[in-house]
Amino acid sequence: MQKGETIWYIPDGYIPPESTNDLLSHESICVLNCQERKAQLAITIYFEDRPPLEKIAYEVPAKRTKHIRTSELSLDGEKIPVGVPYAIEVESDEPIIVQYSRLDSTQPELALMSTIAYALK
Amino acid sequence: MQKGETIWYIPDGYIPPESTNDLLSHESICVLNCQERKAQLAITIYFEDRPPLEKIAYEVPAKRTKHIRTSELSLDGEKIPVGVPYAIEVESDEPIIVQYSRLDSTQPELALMSTIAYALK
Amino acid sequence: MQKGETIWYIPDGYIPPESTNDLLSHESICVLNCQERKAQLAITIYFEDRPPLEKIAYEVPAKRTKHIRTSELSLDGEKIPVGVPYAIEVESDEPIIVQYSRLDSTQPELALMSTIAYALK
Amino acid sequence: MQKGETIWYIPDGYIPPESTNDLLSHESICVLNCQERKAQLAITIYFEDRPPLEKIAYEVPAKRTKHIRTSELSLDGEKIPVGVPYAIEVESDEPIIVQYSRLDSTQPELALMSTIAYALK
């Protein structure tokens, strides 16, 4: 039984440039791999005004979840810039499930948002 | 391969009339166009008590995202009024993926909400 | 073309019992009717420990949206109690699209959450 | 008519370790059972770095909702640890609908997030 899909989208990516207090503003791409085999991800980052950063590699072991901080992703040393609107495509060689969440502590009290990503079927 | 759908809905549109501090209260219609061709959007705004504003044009280039602020949309000079409940229909001539987010800074500490829009299939 | 579905679910209903400042804590069932005919809704409220309140009537005109405050719904004078977990079923005689949002001002700074409801297909 | 699905996923589980004021930081798995028969759930918890806690039992009566606090779930006395990223799989012997919400009161003003879970079809 196929537990999930292999292509997922998150159109609203944004790393808040500022944080207050101890909680760092950040986004997470939360991936669940329920399969018996590891999933090899290829994450592509789309921008408003320049070509995408294509196929950043990431691995999620079998029967595990990974909550991936977008600020940790990089391609040939290039990271996602903060304070810039972007979008995310997650491809996987195994079926997975993807949820996106953002914690914003630009101001002293944090704000949260979350949504299941959009799966191609 | 068709990456997305061509008709999307967001029933809960609302531009908060007030902002505090530096962060402006706003909504974004976040569109991702993964296709090799530009997408021509037609955005329709539905209200509670009057006819819709129909088919506001907007273009998203190939392999790009656009995070569209709803306060910037206008039809023949008419904008979406603030403080009024409304709803959004996004049509596109190419498959796209749409997410909706709102930042509310009516009070000093911001609040966030987000959801993948609803796609017709 | 059928623009939406006729049965929608929102499992996480909750009317916060307290508010601070000017912004009242509330939930909205945001309904969009893109059809050429009015939609007649029947809203059922499920509880944790007692039988549901069944088929509260509500009308959404053609080509209009309604952002329905759950605190305004009532059946034979009975309203949804505040501070109690409940769930919502929205049935419609015409295809509609439904999004659920909550604003919580229990504390001085508001919090928001939102999601497209779950449609039966 | 089948009202819902039998397998649901929530990749972004996280119990905030701290709370302020009277509102306890918590997550809820909100389940709606519209069927005429009770639903027997088996909830599996996936982690980043160890094997899952498998098939925690939970019952939702016919025509009722349950808003399940994740901090109350346990398997052989083992609970979900706070402050650790994890993911949730909800299986049911009857069709149900599932929504996930988190209230975070790490800081004095609360934050909320919510999404309909992802259903296998």
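To keep things simple, chains are lettered A, B, C and D as they appear, and every chain counts its residues starting from 1.
The working rule: a residue touches a chain if its C-beta (ideal position, glycine included) is under 8 Å from a C-beta of that chain, and two chains touch if they have at least 3 such contacts.
Here the structure is a predicted model, which is why all the values come from computation and not from measurement.
A.B. asks: When chain A touches chain D, do the two copies use mostly the same residue numbers, with over half shared, or different ones?
C.D. replies: Mostly different residues: under half of the interface numbers shared.
A.B. asks: Measuring centre to centre, with centres taken as mean CA positions, what chain is farthest from chain B?
C.D. replies: Measuring from the centre of chain B, the most distant chain centre belongs to D.
A.B. asks: Cα superposition of chain C onto chain D: how big is the rotation, rounded to the nearest 5°?
C.D. replies: In degrees, rounded to 5: 90.
A.B. asks: How many Å are there between the centre of chain A and the centre of chain D, using C-alpha atoms for each centre?
C.D. replies: Roughly 22 Å separates the two chain centres.
A.B. asks: Calculate how many whole Å lie between the centre of chain B and the centre of chain D, each centre taken as the average of the chain's C-alpha atoms.
C.D. replies: That gives a centre separation of 31 Å.
A.B. asks: Note the residues in chain D that touch 2 or more other chains, in rising order.
C.D. replies: Expected reply: 108-109, 111-116.
A.B. asks: Quick one: in the complex, what on chain C touches chain D?
C.D. replies: 7, 9-14, 46-49, 51-52, 85-87, 89, 102, 104, 106-109, 111-118, 120
A.B. asks: Hey, which residues of chain D end up touching chain C in the complex?
C.D. replies: These residues of chain D touch chain C: 1, 3-4, 21, 23, 28, 30-32, 34, 63-67, 97-99, 101, 103, 108-116, 119.
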